[in-house]
Each structure stands twice: as C-alpha cells, then as structure tokens.
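Taking it in order: structure first as structure tokens, then the write-up.
First chain written, first letter: the chains are A, B and C, and each begins at residue 1.
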Amino acid sequence: MNFTVKPLAAVALAGASALAAAQTSGVTLFGVLDVGVQRLKNGSKTLNLESIDGMQTSRIGFRGREDLGNGLSASFHLEGAIGPDVGAGGDWRRRATVSLASKAAGELRLGRDYTPTFWSISRFNAFGTNGVGAASNLVYGFDGVSGTSKTVIRSDNSVGYFLPDGLGGVYGQAMVAAGEGTTGRYVGGRIGYAGSGVDVALAVSETVNTNAGDKFKVTNLGGSYTLGALKLLGLVHISKLTTREQKNYVVGAHYAVGAGLIRASFVNAQSTNSANGENYTGKLLAIGYVHNLSKRTSLYTTLSQVNNSRTGRFLIPGGSAIARGEDSSGVEAGIYHSF
Amino acid sequence: MNFTVKPLAAVALAGASALAAAQTSGVTLFGVLDVGVQRLKNGSKTLNLESIDGMQTSRIGFRGREDLGNGLSASFHLEGAIGPDVGAGGDWRRRATVSLASKAAGELRLGRDYTPTFWSISRFNAFGTNGVGAASNLVYGFDGVSGTSKTVIRSDNSVGYFLPDGLGGVYGQAMVAAGEGTTGRYVGGRIGYAGSGVDVALAVSETVNTNAGDKFKVTNLGGSYTLGALKLLGLVHISKLTTREQKNYVVGAHYAVGAGLIRASFVNAQSTNSANGENYTGKLLAIGYVHNLSKRTSLYTTLSQVNNSRTGRFLIPGGSAIARGEDSSGVEAGIYHSF
Amino acid sequence: MNFTVKPLAAVALAGASALAAAQTSGVTLFGVLDVGVQRLKNGSKTLNLESIDGMQTSRIGFRGREDLGNGLSASFHLEGAIGPDVGAGGDWRRRATVSLASKAAGELRLGRDYTPTFWSISRFNAFGTNGVGAASNLVYGFDGVSGTSKTVIRSDNSVGYFLPDGLGGVYGQAMVAAGEGTTGRYVGGRIGYAGSGVDVALAVSETVNTNAGDKFKVTNLGGSYTLGALKLLGLVHISKLTTREQKNYVVGAHYAVGAGLIRASFVNAQSTNSANGENYTGKLLAIGYVHNLSKRTSLYTTLSQVNNSRTGRFLIPGGSAIARGEDSSGVEAGIYHSF
C-alpha cells in the first residue's frame, strides 16, 4: 500500500484543461521528537522534570513543491510543534505558508512565518534557540517580561519576499505583516552573505503593537566562521521597547570530534530602562556535547549557568521564579530523533 | 524511504484469519493552502488584512478506500481546516466519516459530514462558498444572525445514505442526525440529475434545535448548464426559522479564457420577520478572474459589492459591523495551491 | 507523486558527516475510524446517540523506526484520538514517545505513554477497553468518581523501560514519571509470560497525587488461554485510594465462527470505603458479535447490562446520571475500519 498524493480537482477545471498536467512533485513528511530529563535550579529551588526540545523543537510537518515550468514553482510548508511529554500538538503555528517562486526573481511567501530578525538569533548561536544553554533564554526574556510583542520569533498574517539564489553568496529577505489584531504591524528585513566558510547577516525590524500603541524594535548582526572541525559564532542583538532597551552579546563555538560535537556559548545581556534608571546584567555560560548515532538520531547533554547582577532577573525558563539577583542553572540530557 | 500504510491488527484476528488478505488499497493525503490580501469596506470603515480561503478553504486531509470484494468497499475521509494566516488547524471538523458502500445499493456514511442542502449552495454558485464574492455571504447571514442552527453547512452525529452510480444520471442523498446535544436533530435530503451539460438538484432539510426548541427549515433548488467555455449557474434558497424567512436568488456564470476563468455572480437576498414586520433586501454583485498556473495552482482576484435596502444588514464577513442600510464591499487577490 | 520522508539535517552535521548514511527506514501512517449507533438506558432514562469507539478507539498516528546498526534502533510513535462523530482531533495524547532500543538490552522510551497496569485491563478483557461491554466501564469508574489520578490509562512525562525479546516468553516493563504538575508521580511495573497459547501478567503501580497528596495504588493479575477457536480471559484488578478500595473480577471469552467472533464478558465490581462504611457492588454482563469483512474492516454489535446492589452506582458511561441502586444498559452496532 503506497501513500499517494493526488491533486484536488481545481474549482476552475474548465480553464485548467488547456494546461499540461502538473509535473511530478512530491510531498514530504518530516518531524522531530526530542525528549530528555532536566534539572533546573533557580535561586535555592530545584525542579526535576522530563524536558523536551533540548536540541531541536519537537515538531511534525508536511511540505511540497510543484514545478510550474519556466523557472516558476509553487510550494507550501505546514509545521506544528509537538509536546511529546504530554502529547500536545495539533496546530501549524511553527509555519504555515504558501509560496510562489521564480529562479530569477525570488520567492513570495504568504502566511504565518518566522520573522527575519529571528533567523540570526537561531543561526548564530552555538545552541540555536533550544535547551538550557540557548542564548535565546536571555534574548527572549526581555519580551517575555514585557509581553507586548509576539514577533520575536514569528508573525501571523505575513507577506515575505526572499532573494533568489545565485547572487554570489548574498541572501536576503523582507517581511511585512498587517496589524489586524493584537500581534502588531511588522516590518523587517535581513541581508547576509555566505561563502568560503563565512556566514554573516544584518537584520532589523519594527513592530507597532496595535493594542499598546508602542513600538518594538530589533536590530541584530551576527556571523559564523567554519574552519575544519571548528565553527565560531557571534551575535549582537539589540531590542528596544519605549524606554526599555536590551543588549545581548553572544559568542559560541562548535568543535567536531568524530561522531560528536562539543558546543559552548557565552552570553552577556544588559537590560536598561531610562524611565526608572533600572540597569542590570546577566551572563550565561553553557557547554554541551552531542553524540550523533546517525544523521537522524543523537544523544545530547548540556550544562548552563546564568549569573545575574544585583538586580538582574535573567533565568533559564521552565523552573521556579527567581528573586532579583539570584542565579539560575540547568542541566539536561536527552534523545533527539528526526524523521 | 517510502511512506507506507499498514493495517492495524484487528482485535478479532482469530476470526479474520480465515479471510483473504486485504486487497491493495491506498491512502491519499490531500490539502489546500489559499492565502491572499483583502480590503473590506463596511459603511465608512476600511480594513486591510491578509485573507485566506478566497478560492477554496485551506485544509488538510487523509482519505482511503478498501475493496472488500463483491462490489463492496469500506472507506474513510478525514479533513480539517487550516488557517495559514495564523497557523490554525488540528481538528477534522470539515469531515470525519467512515463508509460502507455497495456498487449496487449505494453508500452508508457515518460521522460528521456536509448536510445535503449545503451542496446546492456550494455547487450552484459561481464563487462556491468562498471569498468576498460568494453568495453564501448572504445565505449564511440569516443563520449567522440567529445563531441557533449549526446545520447550514455540516452536521455532527450524522448517518447518511447516497444513491449508487449508474442510475442514468440521477444522484441523491439523505441524512439524519440525532439531537444529542445543542446541534439539533437534522433530517434532510437531496435529489438531482446530471448529464449532457446539465446539473440540477432539489434539497430540503429540517433541524429541530434541541435547546431553543424551534425548527430551522431549508429548501433549495439549483442548477447549472455548461456549453463550451460558458457555464451558467442558478439557485433559489429559502430558509425559515419560526417567524423569520430568508429568500435568496442567485445567478452566476463561468467563462473560460485560455488558462483563465472569469467568474460573475448576482445575489438577491430578502429577509422578513412576520413577528415584527421586518422586511429588508440585500444585493450582491461580484466579478472575478482566476488564472490557472497549473491544475494545482492558481492566482485569483475578486471584487464584490453588497448594497442593502434602508434597513438591510447583509455584508461581506470579516470586517467591521455595519449600521442598517449601509453597504459593504470587498476586493481580494490571492494564491491557491492544492496538493 | 510519491510521499517521501526525508531526514531533517541534524543540527550537528559537522559531527555527523563521519557517519554512514541512515539505513533505509520507513514511516507508517495508521489509524482507526469506528462509528456506530448506541442506545443507553440509565434507570428509566433512555438516550439514543451516534456512538464512537465501540470496538477500538478512533485514532490517527505516525510511527517509524531507524536501524542504527549493532542491534541498536531509534523509533518514534505519535498517536492521537479522533472523534468522527463531531470531527474532534488534533493532539497526540494517546501516545507520543521516542525510543532507543537494543536487541540485547531492551527499550528505553520517553514521553506520554500507557501505564504498565493499563495493559492488563486492555489485554485480558473480552471487549478490551471499548464499547458498552468493556470491563473498563466499571474499572475506570472508581477513579472517575474520585477524579484524583490520571494514570489509570496513561502518564505524562514518563520514562519507560521494556525487556528485550528472546527471554523465553517472559516480557516486562517498568515506568516512572516525574510529579511535575497535577498528574502525580508514577511508579509502576508489569511482568508476564506468553507462550503455548497462554498469556499471563502481573502489574502494580503507585501514583502520588501531587495536589491532593494521596496515593492511588493499582494491582492487577490477568491472563488468557487460547485453544483453537476459543480464547478464555480473566482479570483481577484492585485499586486503592486512601480509605477507598475497588475490586474487579473479570472473566470473558472469544469464540471464532468463520469470519465472525463471539465475545462475552462478566464483571463483578465491589467498591468499599472504610471511612464511612460504604460497600456496594455492580455486575456487568455483556455479549457481542464481530463480523470481519476483511482484516481491516468489521461490523459489530454488543449488548451490555449493569446491575447495581442497593447503593451501587456503576454504569455504562455516556448516558444520564443514575440514582444509587439503579441499573444501566446499553446496546450498540457499528462499523470498525482501520488503515
């Protein structure tokens, strides 16, 4: 019994009947399950839990591409998060897009998608945006506290444009999203260059929060350099919301050892508020090891420590609340499996 | 890596062991992503948004059929809506049915399914039931206001019967649904004839709303006639709820031009309430163009205008509320992609 | 158009590049739709409804296995319930696990999974845990009333271990689950033997309910014996919660007749509470017939009668509430179809 994908009869078959049959196309099922155990210590409180997504976010998705001829193609991407610890799932809120692309002119993409500024947070961190060691634990925190912008990672209602391949290593994208609801009107872009082991990108965005009426601005500049078994990564990330500003400086490294990979990351985060003079910092230091059993399956472990200045409140999410100035630490080990 | 579908071991393997192995059967994955941009004007208020489902409702589904021999077959259909603008999805509320069918005797279908009266609204409208130009914008409005019947489109808990093929072009179906909850006890049927370019059908239904205790009755008669590149469509749709009645008269046309299709529709809707003498009308005029890039992918645009009589309140859904007598208009352009 | 499954590029490709490509592996789609009609009588009140899951729970899932060489494998299992009567679905709360297994050492499994004690309720009952005749209608009732333990069937956040094959028919599993939330800290195990038509297992568990602070304990011993067309099943199930105790004694039989299977079950349930002297019993007697149209598709019907002692309140779920001492009965007929 083969699993087949058949095109729906289009509404407008009369018009389509003059067209050649759709060329061969495939639909791909893909996914990740990533489950482990975690020990979080916030201040003096410790929590043991079954953790998920320590290496990549658990997910399931379908994607496909149809060749329309003349360098044109249509494609779709549906991807939703899974919570294997409790069996959660169901939506496609990681990404739900339809695209029309031209080899010469680039890709037009509509739907819910990642924001341009997100990609530098993800790509130029040794731990991506997952697990106790992720720099995003401090980067997202700013918005997590303010709770006013949902565009740090993704945006609903987006219209995106991506530069085509073949520009000598230059890549780029732009996104706008209508401020229909509370998500906010988003405008952002990212431009980068990849080649000869170097990858570097600059991204900026502005979100006008429809409800609060304020503006959430993000600027980041990041890069990586790969030389043999060693990859160095760095990121400067600045986010502003009215009188508040957060600056994150991130450096990291990957070092391949046989079927394993050592990962290390250091983050310095500074949060200021010109309205009340608040000014605190947090530092995250993380180290981890990934053992690849295959290209699809890995075992991993990560240790991470967050130290706050006297009034700081950065932390590794998932555990207890911390008092200002308290520290946060986490250790985890898990299984990553993709399909 | 092939995607395979394997039958579960039935509970009753002992009994099944005497049977021949299931014949070759397939499971089909299918779906639609339809995203665009829309501008709605209700009264003096304008809303710009990323719109979905302008041509067909975004969806994902699985369906399969097992040949049981002797003209018998079992089949299933699972289909749920997707909201690619926000990544919504997860249920199978478009349709979730299991069927037992005989080539000679027809199909018995159980589960959540479309009501018989829905099909004439969908099939005999130039814009189906999607987008700013759909006649359903006025047809559904009646029930949208009353909020008491959910069976305009589908019914939970249904038992349906479909006539077999091979009756000289005559087709038909009947449905009953138990009034277990608030959905209401539904009884409906549809009978039609298709052949020589003609398709015509009559459908009736009655829903006893369990909670309110009232009855929602629908009668519609529709047809289409195809001659070369031209298809004409017409529908009379009457719905009643206690003292209220709505009559919809719909005419429309499809005209194929190369890889394109021009669509036009006019709707006259009259709503009366014998309890308070209320009597108003709304008229919808819509025109659109679909450009088929392939059998699976199209670009489309539609313009639609709704004019109300002095106390009328028909509108294109999705925008602001209107005052009685105000008009509503919408324009949209989008990408339709199926897989 | 073939449906293909492609591995995601692992985060740590640098490290993985030294590995051989993943061996051929498959992902399997599977599911069940089971819909019927049911008549329930509780006391003097009767309810007719479209019922689901009379033979097996309606579901959809994906599972896959990757051979890692040297007797090692990684696998995943995602499975969620479907409600075809109303189109419900979306999560993976039937099971969401990732596993690492060795032919010699057994399987380590993480995620949301069935508890060890559940399996004996399911396997050693003539009607499994589905439909009006299921012994689980009385077994679950105890917890259904107390509402304090969710581990009767499954546990979130579990870490499970399964003995390998090849132990001369001995099988076994153990599970622990962290008490992160309200689900409770679970510890349980099951050990059994299967061979020569015999299958027998003992299982025990303890759940410390984090919120209530009390302990829910389950012990069960069950078995089946198959001789030709006849299979006999039996189970003793004891559950305790503080001062309350429930004892269930279950006997049942399967008898294969051509393409059919006759199923019969008798349950005696006794509920006591040492705190207030409450002591009542309920008896369930059920008989049913399954007609297999193929290995994937069956028609079934079941009759079930529950008689309570003077203060008893056992019932077949889904209908009206009963007064103490009232009886409950149900009859159903349905279509089971798997893919």
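Please note the rule applied: a residue touches a chain if its C-beta (ideal position, glycine included) is under 8 Å from a C-beta of that chain, and two chains touch if they have at least 3 such contacts.
The structure displayed is predicted, hence computed values, not measured ones.
Residues touching across the chain A and chain B pair largely diverge in numbering: under half of the numbers involved belong to both copies.
Its C-alpha atoms fitted onto chain C, chain B is found rotated by 120°, rounded in steps of 5.
Separation between the centroids of chain A and chain B, computed from CA atoms only, is 38 Å. Annotation for chain C: residues touching 2 or more other chains are 2-6, 25, 27, 29, 89-91. Remark: chain A residues 2-6, 24-37, 47-50, 55-56, 60, 82-91, 128, 226, 229, 231, 254, 256-261, 290, 292-299, 334-339 touch chain C in the complex. On the chain B side of its complex with chain C, the touching residues are 1-22, 25, 27, 29, 62, 64, 66, 68, 72, 74-76, 78, 80, 89-98, 100, 110-112, 154, 156-159, 177-178, 180.
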